[in-house]
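Labels run A, B, C and D following the written order; every chain starts at residue 1.
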Amino acid sequence: MNLMKDRLLLIIFACVVLAAPLIFAPTGAAYPDLLQRFAIYGIFAIGFNILFGLTGYLSFGHAAFLGVGSYSAVWMFKLLSMNIVPALLLSIVIAGVFSLLIGYISLRRSGIYFSILTLALAQMCYNLAYSVLTPLTNGETGLQLRLDDPRILDAAGDAGSLPSTNFFGLEMKEVFWNPTIFGYDLQFNWGYYVCALLLILSFWISIRIFRSPFGLILRAVKTNQTRLNYTGINSRPYTLAAFVISGMFAGLAGGLLATMDPLAGAERMQWTVGGEVVLMVVLGGMGTLSGPVLGAVFIKYFENIFSKINDGVLHGWFAIMPEWIENAMVLIVSPFVGKGWHLTLGALFMIVVIFLPGGLVEGAQKIGAKLSGANKRAAKVGIE
Amino acid sequence: MSKLIMNRRGLLKTGAAVGAGMAMPTILTAASHAGYTNAPTGSTVTLGFNVPQTGAYADEGADELRAYELAVKHLNGQGDGGMMNTFSSKELKGNGILGKEVAFVTGDTQTKSDAARASAQSMIQKDGAVMITGGSSSGVAIAVQGLCQEAGVIFMAGLTHSNDTTGKDKKANGFRHFFNGYMSAAALAPVLAEMYGEDRNAYHLTADYTWGWTQQESIQAATEAKGWNTVANVLTPLTTTDFSSYVAPVLNSGADILVLNHYGGNMINSLTSAVQFGLRDKMVNGKNFEIVVPLYSRLMARGAGENVKGIFGSTNWHWSLQDEGSKAFVQSFGQEYGFPPSQAAHTVYCQTLLYADACERAGTHNPCGVAEALEGFKFSGLGNGDVEYRAEDHQCFKDVLVVKGKENPTSEFDLLEVVQVTPRAQVEYPADHPMFAGGALGSCNAGG
Amino acid sequence: MGILEVQNVNKRFGGLQALNNVNLSVTEGSVHALIGPNGAGKSTFLNCLIGKLKPDTGSVMFDGKPVLGKKPHEINQLGVSRVFQTPEIFSDLTVFENVMIPCFAHRDGAFKVNAFARVLRDKEIRQQAEHMLEDMGMKDKMNAHAGSLSRGDKRRLEMAMCLVQEPKLLLLDEPTAGMARADTNNTIDLLKHIGETRNITKVIIEHDMHVVFSLATTISVLAQGTIIAEGLPEEIKGHPKVREAYLGEAEV
Amino acid sequence: MDAILLQVLNGIDKGSAYALIALGLTLIFGTLGVVNFAHGALFMIGAFVAVTVGKILDISKVTLDPVRVDFLGNPAKIKTPYVTEWFGEFGFWMIEWSVLVSVIVAIPVMVLIGIILERGLIKHFYDRPHADQILVTFGLAIVLQEVIKAVFGANPIPQSAPELLKGSLDFGVMIGMAENTVIYPLWRLVYFCFSDLIIGGVFAFLRFTTFGMVVRAGMADRETVGLLGINIDKRFTIMFGVAAAVAGLAGVMYTPINPPNYHMGMDFLVLSFVVVVVGGMGSLPGAVAAGFLLGILESFASMPLIKDAIAAIGLPSIDQIIIYLVAVIVLLVRPRGLMGKAGMMED
């Protein structure tokens, strides 16, 4: 039935992801760092959606797993090797262990109590990482590579500079191709493609989970936990499994952040980062497959591109207008861009929660259905 | 694929550092020729101003941006030229840098290492910035400095006061104009000993993170050398907003001095609490109880309001200085924006001029050339007397100001008065001082 | 020896003795109705049976196994299903999915991570669910949103969800509460239909005597926490104690 | 002994701030069933009402000084606040006691803001899941704080207490201890009394007025009260206004303690939720009790004596995490909080 549609969705998704350096070129976002962030936070959001989108358990603490993943990866780079494979594996494992622990404690409660528990536990992790655990985390500055790290598996490199993260010799930050297409200078680098493949893999896993009995039961947890228990299903291990899976996704994302840029800062564990992933999932469309990735791209785009629009750039935009209109426009727009990007994001988020509980995906479907006049339900099945 | 191989070969040939694949594609072809990241090809050269625009330090960031914009104007020959006229080096002609007009991009560090690096990275990868500068905390400065080192661009740190920036985390591509915890302590201790006597018992409240620790360590060592006794050092969590429970036990501890090793919101709140508790009206051990804030900034003093009155601290620069450079800068900034500049504004303005000047003297934008021109560079005319960028650790050495909260401010900007301009010689330290040990500059990286 | 044996169950809430030495034996294959005036302890009793409440003393044996202290899902796995006063269904899911979940629970147990199987490829489960829906006359509503069903259909769906697990014991908590007469009759028909096609022991808690006397084979009367009478429907009808307990209540 | 006394004093003072915020949060939750993540923002707005009042009182007539010059060499400006020009002594008094003026201004302003929020936004979320309520009020909190930042900047803006209440009180001497052992700032004591007054006021209002009784009945069983033909919605709207006013007043009175900044609401938000959850969601006495309890625990955890003792057994300093730790333990051991009803908000 919708098996074909899933496959189609996966193929379209993979194509978009693989061609992202080209697709995003007109938006000014097609540079390796931001593209990797899109992919990484996409993975984070996909994982979070497995917990929040399916079971409805709202965790504010997933930033802790992101941070733990990053710390593990950087430690692996410091001690063992600059190859990303052991680093990512350790990130996933450690984040899994952490999420098992935190999940076990916080899933004893549900509803807002669960949210507050995750918030409290994550905030504890952040506070500890920022100060008292400094030997492990390097506190305020964040854990970085140093010239004198042991790196027992790697051959001694050039003494004067830090080695780069690599995937069996392919350096993550190496730009392997930079053609000019349609007048845009494009940059294709290994790091992005490593992240992209993992994103596609994560997307595939998430499709499989959504369509599995496991996913069905998670959705049942969200709609009626009482009935589920009286149906003979023990909901707690299911939610715990979902929690751990999403924690491992978060760990993978954290590890990838470290492979892109081998620095792990404590801010990654702050509850506001946990709040950010909530924003991503809700903005994109919770419980949908592609929504979380969309939301992640949206927010990271805001953070990195919108925040750089200063008055000078605005004057450039409106330069064709008469000067007084230009100035007026700059005056009107500037509180919402550049340093005001938080404001725009908050307002947008509210609008989505109020009018589009299904997020941007739902909005797109509504528009799509209106435009094509096609059967709305069919469209919904397609994306879900 | 063939391109990749070529790049690598090119790298090996020029002997540039390994691991520089971060090439900037827009300019890659040119970059390969020039041999360094983001070599400017057109008629402009792009600088990246990476400052906090959201978060608690946003106002400091805004002041930094004002100063950057002013500096760019002056470099491009607009405005009154500001400190370019008083600067001892006369290379800058008001025609941009090396004849290229100065353009800039701005970004938001959010005062988070992560966000700051993302923002700097986008300036390097997307906008082709050849130099990154700015920031308002040591964590951010160290993180971005590391990034610039790897990417092969120059980093001119903004506000960063931790010893580590030019201590254990120093980098060949990074330079700091701002002073540091050690220098604050070295300048402050003699004044304190003179004002309050040598037989004093100090109680420290210290922000529980790297900057706080190095600051506390420095001030404790410096005051103990003057004969003070340290009663206690209590670490306060970064997220504390109400310091009353930390301040309450102070009076009863036998201490007669309270040292607040806090910055930003922490400092405003802890000082406010300390004054509320009436500590300064008390007599302990037969002496008047005093409070010291080692690192001051005018914006913070403004946040703490009348509580700063009479409280000693140190600062990098203040607009009431009467040397020609400072006067020219205050005049220029004041005409432009209607109020006097902060020390953050002064620092970043100087750094922009210094960078431009170094390019001119080196005759290239190549970070290694620029770094070489900056290393050991001696100059004057930018406030703070005769200044040197030390080659060994890229720390700037200059006069440090000991200031006191003004008792009768005449305006909302007139909050601090300069008590003493501590000469540079008094705050200097050997590059291998134990408080700065543990790191290596490494070698300059020009990227590729 | 009945399939469900309740012995000397006591439950106190503060000063209130909600259940006082309750004894009950349900014979396999019977339809056992539990009636009683408001506040008699019927719901408390039911909650003790399904693991929601834990009695202070006493024992409850189902199919020869103790169930006290067991969690709801464990009791269900033993073969006890429950229909609630207001239908408890997964209203965000489709009717079909609603019925598949108990199928999975029945086959795979209380917990199994089969995150890579596909629901729609599971022929066995699909067939079970489709059969059930057909049997209940709901096949045409298979893809409807469960939340959008009429109240009667929700009740029907909940029954389907319980029956598809082939329980040994079905507990019905006021299945016709708040229903119009027509709906009530439909429900009676449905329950009779179930009784004809499947041999499932049922315990019904009910207010509506019309329902009770249409369905029950045995009736127990609970008043003030104690069983005051038990017997065949016709015996109960004329029982003096029952009349006393219901004095001022609805006609018996 | 004196150290402990001091921290108890400090704890109940801190606690009174927590209790006041948690009280407002609980009022909204108890009456409307809405989890309001924007409550911290209301606290912050209250503080900025005080800032605004201070600025309005400070609007000045500018004359040029014939002698002195400013930093650019232009004649210095002499500012005379209009209020002092118009009202003379009373004007000076208003500036001096601007906190008091702010309290008077804040009550109608905050009630109005509360009612607008409830009618305009929150009302539409009564029937939505709690997660949606959290999300929309979280978004609202971000928007409110960013608007304040855009208007007032990111730097804290100091507000001073009236001269009369600026100093500190030596408690030790009053109870026969040595000088300087137990001193406490006067304004914090004022804050403590003020919050007790507000808390008492809210309780009395709910207990002794007909309005309050109806609201309490509505908290217990909304449907039944609705059936009695009482327009409970209207009363709940007013309760939202009251809760906003409670938060706002807490904010106004807090300004002399710590200079207000735009993110103070977020700083308090997490904390106040922890307080509410520890106290028991929906329980007013629970919120108040938990506020005081956590305040005292936090104060004790920051005592050097205790910090040293904990460090001695090799554990990290507990003052970083004490609040969260207590929350976690309470929720696990006594899930419904200290005084909460069982099963509240479990879904």
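In this text, contacts are C-beta pairs under 8 Å (C-beta built on N, C-alpha and C of every residue); 3 or more make two chains touch, one makes a residue touch a chain.
Here the structure is a predicted model, which is why all the values come from computation and not from measurement.
Novice: What shortest step count links subunit A and subunit B in the network of chain contacts?
Specialist: 1
Novice: Tell me which chains count as touching both subunit A and subunit D.
Specialist: B
Novice: By C-alpha centroid distance to the whole-protein centroid, which chain wins?
Specialist: Chain nearest the overall C-alpha centroid, as shown: A.
Novice: Comparing A-C against B-D, which pair counts more contacting C-beta pairs?
Specialist: Of B-D and A-C, it is B-D that has more C-beta pairs in contact.
Novice: Taking each chain's centre as the mean of its C-alpha atoms, which one ends up farthest from the centre of subunit C?
Specialist: Taking each chain's C-alpha mean as its centre, the farthest from subunit C is B.
Novice: Nearest whole angstrom, what separates the Cα centre of subunit B from the Cα centre of subunit D?
Specialist: Those two chain centres are 36 Å apart.
Novice: Would you kindly tell me how far, in whole Å, the mean C-alpha position of subunit C lies from that of subunit A?
Specialist: Roughly 45 Å, centre to centre.
Novice: Taking each chain's centre as its mean C-alpha position, how far apart are subunit C and subunit D in Å?
Specialist: Chain centroid spacing, subunit C to subunit D, equals 50 Å.
Novice: Which whole number of Å gives the spacing of the CA centres of subunit B and subunit C?
Specialist: Here the centre of subunit C sits 73 Å away from the centre of subunit B.
Novice: Show the residues in subunit C shared as contacts by 2 or more other chains, in ascending order.
Specialist: none
Novice: What positions in subunit D touch 2 or more of the other chains?
Specialist: 317, 320
Novice: Can you list every residue of subunit A that touches 2 or more other chains, as numbers and ranges?
Specialist: 127, 131-132, 342
Novice: Would you mind giving me the full set of chain pairs in touch?
Specialist: A-B, A-C, A-D, B-D
Novice: What residues of subunit D sit close enough to touch subunit B in their complex?
Specialist: The touching residues are 2-3, 6-7, 9-11, 13-14, 17, 68, 70-72, 76, 149, 153-160, 166-168, 180-185, 187-188, 257-259, 261, 263-264, 267-268, 298-299, 302-304, 307, 317, 319-320.
Novice: Enumerate the contact residues on subunit B facing subunit A in the complex.
Specialist: Per the touch definition, subunit B meets subunit A at residues 1, 3-4, 17-19, 21-23, 25-26, 28, 53-54, 58, 61-62, 65, 105-108, 112-115, 117-119, 121-122, 125-126, 137-139, 142-143, 146-147, 149-150, 164, 169, 208-211, 235, 237-239, 439-440, 442-443, 445.
Novice: For a test of understanding, state which residues of subunit A touch subunit D in their complex under the given definition.
Specialist: 56, 58, 105, 108-113, 115-117, 119-121, 123-124, 127-128, 131-133, 225, 271-272, 275, 278, 282, 335, 340, 342-343, 345-347, 349-350, 353-354, 357
Novice: Applying the document's contact rule, which stretches of subunit A touch subunit C when the two form their complex?
Specialist: Touch residues, subunit A against subunit C: 1-3, 208-209, 211-217, 219-220, 222-224, 226-235, 237-238, 241, 245.
Novice: Please name which positions on subunit C make contact with subunit A in the complex.
Specialist: Going by the criterion above, the answer is residues 50, 71-74, 76-77, 81-82, 88-93, 97, 100-102, 104-106, 108-120, 122, 125, 161, 165.
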